[in-house]
Each structure stands twice: as C-alpha cells, then as structure tokens.
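You will see chain A twice below: alongside chain B first, and alongside chain C after that.
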Partner chain A sequence: MKDDKLLRWVLAFYTALVFLFVFAPIAASLVFSFNSDRFPTIPLGTFTTDWYVKAFSNPEVWDAALRSLIVSSVTAVIATAIGFSAAYTDYRYDFRGKKAFLVLSLLPPTIPLIILALAMLGWLSMFHASGLTISIIIAHTVLCAPFAMAVIRLRLSQMDPNLEPAAWNLGASEWVTMKSVVIPFTLPSIIASLCLTAAVSFDEFAVAWFVSGLNKTVPVVILEILTGNIDPQVNAIGTAVFLVSITLVVIAQVLVMGRAKKPEAV
Partner chain B sequence: MAEPLVVFDNVVKRFGTFEAVKRMNFEIREGEFLALMGPSGCGKTTTLRMLAGLEQPTEGDIRLAGKSLVDVKPHERDTPMVWQSLALFPFLNARENVEFGLKMRGLDGPSRRRKALDWLERLGIGEFGERDVNSLSGGQRQRVALARALVTEPKILLLDEPLSALDAHLVIRMQAVLTKLQRELGITFVYVTHSQSEAFAMADRVVIMSKGEIAQIGSARDIYRTPANRFVAEFVGRNNIFAGTVNGSGNVDTPAGTFTLDGKAKPGERVSFVVAADVVSLSVSRPTARNTFAAQLISEEFVGSMVTLFLEAPGDTEIKVQVQERSLEGIPREPGQTLFLSFDSSHAHILKG
Partner chain C sequence: MTTKPTTRPDYYAIAWRLPLIVWQGLFFVGPLLFMVAMSFFLVKNYRMEAAFQFSNWQRMLSKDFFWDAYFFTLWLALLATAITSVVAFPASYFLAFKASEKTRRWAIFFLIIPFFTSYLVRVFAWQVILAQSGVINAGLSFIGIGPWQMLNTQFGTMVGYLVLCLPLAVILQTFSLANIDTRLVEAAHNLGCGRLRAVFTVVMPLAKTGLVVAAVFCFILSFGDFVSPYYLGGSKPPTLSIMIVDTSKSGQQWPRAAVVAITMILTLLVVAFTAIGFAYRKRGK
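== the complex of A and B ==
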C-alpha cells in the first residue's frame, strides 16, 4: 500500500514535469507579454498591456489576422468536406486498391513541411497561382484534409453498419439517409474536424511563408517582426494566437472524446 | 385462390462463386408467423435481406402481393425490419426513432407524434418517449425497434434474430409480446433465428434451411415428429437416429439391435429412422416388449422437472431419453450403468435421404 502511494506521487510529479516542459515556453510568452521590459529577463519590470496595444494598433497585424481568419475558415470547410467524402468512401465501399487509396489519403502530414511547402510553391507557380490568399488556402487544404478524414473516420467506425440499411428499410432514399442519418451521426466529428483543421491552418507557418508572398498570415508576420528586432509585441500576438488555437483544439477534443466514450447500439 | 402474400420463385443468390441460396421455392401465407431457422451460414438471413431488398437475387423472382420485387429499391418496399443490432438511430430519442418511417412518408408533425406515442404506449413504454435510446434497457430498446417497424402499418414484418442479444428471461417475455402482437395485428411475421426454441415457440410454420437449401417446411410438431431427413433430425436434436439394413423378415439390423418397423421398409434396403427422445421408455431389467435394446448411461441434464439422459448403445449409437424426473425413482443412475430401452414401432419415423 505504502509503495503504491509513493509510486503515485512519483508519477504525479513526473507528469507535472512533462507538462511544465511543454507549457513553460508558452507561459513565459504569456508572462513577458505583460512585462514592461523590452528584453525577457528576470526580475520582471512592471505590469503593462502596452505590447498588446502596440500589436493591435499595427495595421499589418490586423491585416494578417483577418487573412488568417479567412484562410483557416475556408480551409476548414473545404478540408472537412474532402475528409468526410474520403472517410465515407472508406466506410461504405470496398474496391480494388482501397489500401492504396487509404495510404495516399493519409500521407500528406508525413511529408516534411519544408518539402511540401517547396513543392506547393513550385506547383502553384506553374499556374501563376502563388503569392495569393487562395494559394495558402489550397496548400493548407492539402495539409488539413487527412486530419479531417482521420477524425471523421473514427466516428464512422462507431456507426452500426445496419444504420443506413435501417433508414432505407423505413423509406429513406440514399440521399435522404445521408442527410438524416449519416450526417447527424457524424456531426460531432464534423464540428471537431472543422475546429481542428482551422487550428492547424491558423498556426501553420512553413507552408504559409513559402506560398503567401505579400499576403501574410499571422505566423508569418510574427516571424518578420522577430527577424527585424527583439520586440515583446510578438509575445502579445503569440499569446492571442495560442488562445485561439487551444480553444479550437479543446472543442475538437471534447467532441471526439465525449462521443467516443458513449456506448452505441450493441 | 389468390396468390400467397410472398412467393420465392426459383430464387438463387450467389456471392462470387459462393452459392448462399440455391434455387429456393417457397411461399409465405398472409397472416402467418413464419420462422426461417438454421445454423449460421445456411442462407436464412440472406433470404430475409432479399425480401427487404438489401440483396438482389442472382436468379429468380420474389413477388410480394403478386408484384415482382426485382428492381424495387429497398426504400420503395413496404417491408420493415427489426434488426439483430436493433439499429436504432442514436441521435434521436425513442419517439423520434418511431416517427422516422412516418416522416419519410411525408406525414405531418402532429400526426407523426400521435401515432408514435400510440405505438410506444401499446408496447408498454409510453413514458420513455422522450428518453435517449442509449439510456433505455435492452427490453425497452427492443420495443422501440418494434414500434419503429410497425408504426407504418405494414402487411409484413421482417425480424432478423431480434432476441439474440437479450437475457434468457427477457427472451421468454419478448416471445410472448411478439406472438400476442402478431395475433392482434393479423399481419405476417417472417422471423429469422438459429434458435429452435424461439422458432418452435412462436411460429405457425418453420422453414429449416441448410447450406442454402430448404431442408423442411412444416409446423413445429411436424418437424419434431416426422423430420424429413437426417439433417433436420440432427438439428432438432431431441431425436435418436438409427441406421441399418432391412433383413429377410422385414426387421432392421442396426449396431444397437434389431428392430421391427411394421413393414415400413423393404428387405435389403438401407434405412435410417428416428425415435424421439421422449417416446423411449427405460427400465433396469430387460423388458419383454419388442424393439428393446441395451445402452450405457453416460450423463444426465436437468431442464426444469424434465431430465435428459445421455446413453451409448453398441456401434457408438448416441441415445437420448427425455423423461419426467419423478419417473426415474428406483432406477440407478451411476455413469456406466446398463439400462434397457424400448420404443413402440409406431413411433419410429423413417428418414428420406
């Protein structure tokens, strides 16, 4: 019994250390975003919201924030639609080359970002479509669709294979069944996918930096401010970006986990 | 006379090279409770799914009320089904589940609601209408599934092993619910099951299937007393099967003994016959009656006040005897004990094939 208790304390301490390791940089960024000193040193100066004021009065930041918002929302919608179609195809149909189809569908996140970014730049330039807002949307959709597919596929795997036939049996055509059974059943995962892909797109830097040209997103602007000089307003922007992303990810997690635990028709 | 409600006319179903259903011809009469029974893989579920339109016959025709169902989409048929997994819509509450079929038929909201609640009430779960279906018990979910299928007032209801997920005592209760419902509504039930007790307890007629073919169609009594062939006799289980050759005096020589069948067989013929487990009598000393043989007791099994004795006669012949426990007083029942068994020749039924 005593050993058990000791072990639990050790494990709890270890877990706390891991979380500290992961979150300390973000916490530091949060703390220094309210610190009056220009350089991130201890002891801290006084509390200030100047960096937020400065960051949010910068039209370039607003411009980038608006673009990030547009890119991430449009990306989320398109990637989720593609992900849903791919996941449903996998759930419903058996065909030759299905394994290859699945591997190809889930491949993009395994490609190093720099490679993907360069390839995207090269490809989009061929159509004179680089350096536009839509270029970022196209590139991010490629990157995000596999995440959407994975999330929706997980939900579909919990669907009783008789659920659709049951709807047909009660007089619903295939399209009506899609609308009144498949989509309601997968809705939590569709919303989770929208949040998750929006978060990925909102945060993504490497691909955006390559293909965005003058149409910068928030992460690109942060890097540009940083390369110029050391400016605590990046802490302010970073904290704001982190809050947006973590909110989306938490919503996605709650929807995916919450439903996964619920027992379905057995 | 009008054509029966459902006709299977030379129906064949192949999956690739596998023949799931082999040239099937049978009829389902209006208002009957028909069970399709057989071991797994015998084609009973495929047969039901063809009726619902979830599988297309490879050959042949299925007619419902005189109209061919070939090329009729599942959602255009009026053949609601109760699923083994129930397949309730988990994102709808009990009442909304029941309303689904009515909604697809374009009924307005208030009428749908009224009909759905009526049916839930009728099945004894009126107070659970607004409950999440995942929060209901197995028996309650079962009733929601029944209400959902029946609310559109179909002529025929298909049931695919609907009770297989329930506890034994609930199965008995649901059997009573189903038979009562079928009588009251007077509609046709087609019930797929691998369980003999379910089929025999509820069905007017039972279709026994084996390897994609119909082995026998008949009432529970017909099938039990006069199994058509060895498969049925073995599947039904409570039968003793003897095989032998008819000798010159018209009796059958089997490894277990020589039996007289009252001239039901011709000399020289090889025959198999069955004697049901509950018509075999048992004694400690050799009785003088005809058709007596000896066997050694192996084990026994109680089901309520009945006991089934398992014995072995010469030639590895497995013998089952089913009697009232009371009637065994004074009979020693140690394993290895030799007992004498006899049966009346009128109870011997000759198998074809």
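== the complex of A and C ==
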C-alpha cells in the first residue's frame, strides 16, 4: 500500500526528530566545550581547548572528581550487594510480607529527589552525620539499590530453577551453592549493576547537594557554577562526566543485552 | 501441650532478606518518617528544636503564596505529562509497530543513555540553545523572525521537563504498545475501521495500562524537579520544589520545607493511585 509507506516514512522522520531532541543537548555541550565564545551561538566561534584547561586547572574540580569517584565506587559496591540480596530473596523465597518487602525495595526512585534530600538531611543531622562524604554514600545507596535489584533480578529469572537443587543434591551446602553456582551465573548482571549504580551516583546532584556540606561532588560543583553566570567550563566538565557515565552505561548494557540472548544459544 | 513444630530459623534465608530491610529501613523509611516529625518542630535562633506544634503547617497552608505555588506546580506537571505523552506517542507507535526488531532494540538502547547522563549538563545546554542570542534565535533571525523570549518562561520549563521525561515515556509506551496483539488491530482494519480510528479505539485502550504508567512517571518526575523551573523557567513564580530548596537552604527552615515536601508526597500518592486505578479498571460494558 502506497499510503502505508508514506505513513511509515512520516513516523520514522518524526521519531528521528524525537531522538534529535533527546540528544541535541548532549551534542551541543560537546560542541560548545570546544567553542571559544562565552555565549555560544551560530555561527560558532573558533576551536579552543581553553575551557578544558580552565576546568582542569581548578583544584576544586579535581577535589570533587576524586570525591565523586570514591562516592560512586563505594555506593556501587554496597548498592549492588544489597540489590543482589533483595533480588535473590525475591527469586527464591515466598514469605509473609513479601509484598511489603518488594514495595520497600522498589519505592525509592518514585520519591522526588529533592524530598529525599530534605528528609535525608534532617535525619542525618540528627545523628550529626550530615556534611560528610559518607553521608552522600549512604543516601546514594538508598537510590541505587533498586536499580541493582532490577538488573540482577532480570538475570536470575533466566536461571534454571533446578540448578540450585541439583547442587544441593550433589552435597553442596546453600552457601557453597551460592558461591559456586548462583554468583557465577549472575556475574554479568553484577558487573552491569556495579556500572549502572556507579553512573547513577556519579550524576546525582540533588541529594548530594543537600547532604554534602562542603564535601562537594562533581555534579554539585556543576550546580554551583550554573547558579553563577553562564560559564562554558560546565560544558567541558559535563563532557568529561558524560564520557565516564556513557562508558559505564555501555559496558552495563552490553553485559545485560549480550548475555540475555545466551540461554537460547545453549 | 500444642505440638509446635520447632523449626530452626532459616539463617540463610534471613541473611539475604536482612540487608535491604535494614538499609532501606534506616536510611529510607527512617528519614521519611523523621521528616513528618520534623514538620512539627520549631526553629529558634536558626536551630531546630524538637516540638509538637502545628505552627509550620498553619503558617504554610494559610499563605496565598503557598497555594499559588501549589497550583502552579500542579498545572506545570499536568501540562508536562500531557505534552510528553502526546509527543512520545507517535514515536512509540513507530518503534512498536513499524520499526524492525533490531531498530527497536537499538532505539531503546539509546533512550536509556540519557537516563544515566547528567541532567544538569543537558539543562545547561538547553539554557544556551534557548537564550536570547542562542542557537535557535540566531537561526530564526537568519530567516528574518524573532528573537523570541524562550528562556525564563513556561516554555523553557516545558523544554526541560521534556528533556527529563521524554526518553522514559517513549521506552514505557513502546513496551506497552509492542505487547499488543496486532491481530486485533488487523481485525479492526478488516472490519472497515480507519487507521486513525483504530489507534484511538483499539490500540490505545489495549495499551492503556502502560500508557498511564508512563504518564504517572512523567508526572512524578516533573512535579518534583527543581532544575528546569529554576534554570529554564526563571523560578518566577516558584514551584514547590524550588520552595523546598529556598526554605531549607537559606534560613534553615527545614520544618517548613518538610511541610511542603509532605504535601507534595500526598499529592503524588493521590495522583498515582487515581491513575493506576483508572489504568486497571475493567473497561465498561
């Protein structure tokens, strides 16, 4: 049908526009980060790496980068451990209160970050624990654990439910089975979860801004530069941050998508 | 004596259950409950004191500026939800029905990426693009129109909300549309139902749950976001999220900020449950 083909092209073009809208800011900040104008417009100015030089000679940025790295890696490990245990519990057990357990494990991302930030600030200051690097880690773990759980749960649902009982029958204890059967099987998703949660933590700014005090992470520094004047340094920092996040996300997706097809191949 | 089976507690099972319960109990449920308590506290000399007073509630809920902000935020979030759902739908329709399996996988792959990249940097890029002397206005003046004031308007805020919500909306809508039994759509066509009419009377009702869930997420995200209304919308008038930032960051009025936060959560609950109830309601007749 001719009509059908036309419709298909119109819709394809429209979808391309949607993608353009989604990726325009990412592309723009990459282009602007190498552009000499303070207020970028068309036509573009000349090519420059000044903004990178400026951003990376700023000790505050390095300080924040180091802190972000620590926060996101520690968060990733704790959140993945918690997410794994929750996913395994959901996979294997049925118990009274399981619904509540699942609600608790998946609810945090539906609470607006700014509200969580305020609640966390109040709660942590009650224990005189706000304004520390560890406060950011604690808060980010709350946010990231649900993502970890979802990713690992997906992989567990591909595991043959007879695999564990088979190992028990052969004399392995539950803990040994966990170590030599379940964990190796879910390893790709564990790594994917480490990457994803690190990426989430690396980009989170609202909670970090509220609880970090003087211990700023990179997104908090960006937020503070933004509150001042338009400063293309943000593009340079943002592009660098983007490269870190994108690497983590791509690794995670390759692991999740690549392995998802495997069971059929076996 | 009753014969109570004395089973040894299953330490293995408990060990896997505990981490999440302890952590989210201590650092998620705890803070939220504390925030409710905090809304009754008093602030004296910039220090918070434990108390049980309704003064914060009274003070906030009796003020016009609070209700102005409340309805403004509600309006913005509803508008953003409607716009995002409508903008996302044709793209989701294409990905679900017209695109190949491979294209769809790649599209989803790409749509997940912005979710994990800095929202702040993307909003900043839009700030530059939409500015009075920015890329869009430069392009407009090239063909002899403009400049248009886009930054610091509701339009700017909407662009930001779209940046925030669109990828997720397309993903969720695509999944729900892809699950439809296409034979039902064909049957409608065979019975003489026009294409557009089939979309409204067959496709959309079948995908209702997914479409509503996508809309609910748009609402949650835009209702709670403070970056877009602040950096793209100019924060005038303020939204509830900006109000939380202002009252808690300057002036240490955490209890009052808690009042705002609690009204926001209650609103979100009402909206979410109404919408989900609507989504799962059996179709009439």
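We take it that the second predicted complex is superposed on the first by the 254 of 266 C-alpha atoms of A that agree within 3 Å, B and C clash if a C-alpha of one lies under 4 Å from a C-alpha of the other, contacts with A are read in each partner's own complex, and residues count from 1 in each chain.
One rule holds in what follows: a residue touches a chain if its C-beta (ideal position, glycine included) is under 8 Å from a C-beta of that chain, and two chains touch if they have at least 3 such contacts.
Since the model is a prediction, treat every value here as computed from it, not as a measurement.
In this superposed model built on chain A, chain B and chain C occupy separate space and fit side by side. Angle at the C-alpha centre of chain A formed with the centres of chain B and chain C, after superposition on chain A: 100°, rounded to the nearest 10. In the superposed pair of complexes, A:Val103 makes contact with neither chain B nor chain C. Within the superposed three-chain model, A:Leu66 lies out of touch with both chain B and chain C [touch as defined at top]. Between chain B and chain C, it is C that contacts the larger number of residues in chain A. Applying the stated contact rule after C-alpha superposition, one finds that A:Ile138 touches chain C and leaves chain B untouched. Of the two partner chains placed by the overlay, only chain C lies in contact with A:Thr15; chain B stays clear of it.
Touch criterion met: A:Phe185 reaches chain B, while chain C stays clear of it.
Of the two partner chains placed by the overlay, only chain B lies in contact with A:Ala166; chain C stays clear of it.
In the overlay built on the shared chain, the residue A:Val53 is in contact with neither chain B nor chain C.
In the superposed model, A:Val176 lies in contact with chain B only, and not with chain C. For the overlaid pair of complexes, the smallest distance between C-alpha atoms of chain B and those of chain C rounds to 11 Å.
The interface of chain A with chain B overlaps its interface with chain C at residues 174.
Across the complex, chain A is touched by residues 12-13, 15-21, 23-25, 27-32, 34-35, 38, 48, 87-88, 90-91, 93-95, 98-99, 105, 107, 109-114, 116-129, 131, 133-135, 137-139, 142, 162-163, 166-167, 170, 195, 220, 223-226, 231, 241, 244-245, 248, 254, 257-258, 261, 264-265, 268, 272 of chain C. Contacts from chain B toward chain A in the complex involve residues 52-54, 73-76, 79-81, 83-92, 100-101, 104-105, 133-134, 141, 148-149, 152, 165. Residues of chain A touching chain B in their complex: 160, 162-163, 165-174, 176, 180-181, 184-185, 187, 262-266.
Against chain C, the residues of chain A that register as touching in their complex are 7-8, 11-12, 14-15, 18-19, 21-26, 28-29, 32, 39-42, 78, 81-83, 85-86, 88-89, 92-93, 95, 101, 104-105, 107-108, 110-116, 118-124, 126, 138-139, 141-142, 145, 149, 174-175, 196, 199-200, 203, 205-206, 210, 219, 222-223, 226, 230, 234-235, 237-239, 241-242, 245-246, 248-249, 253, 257.
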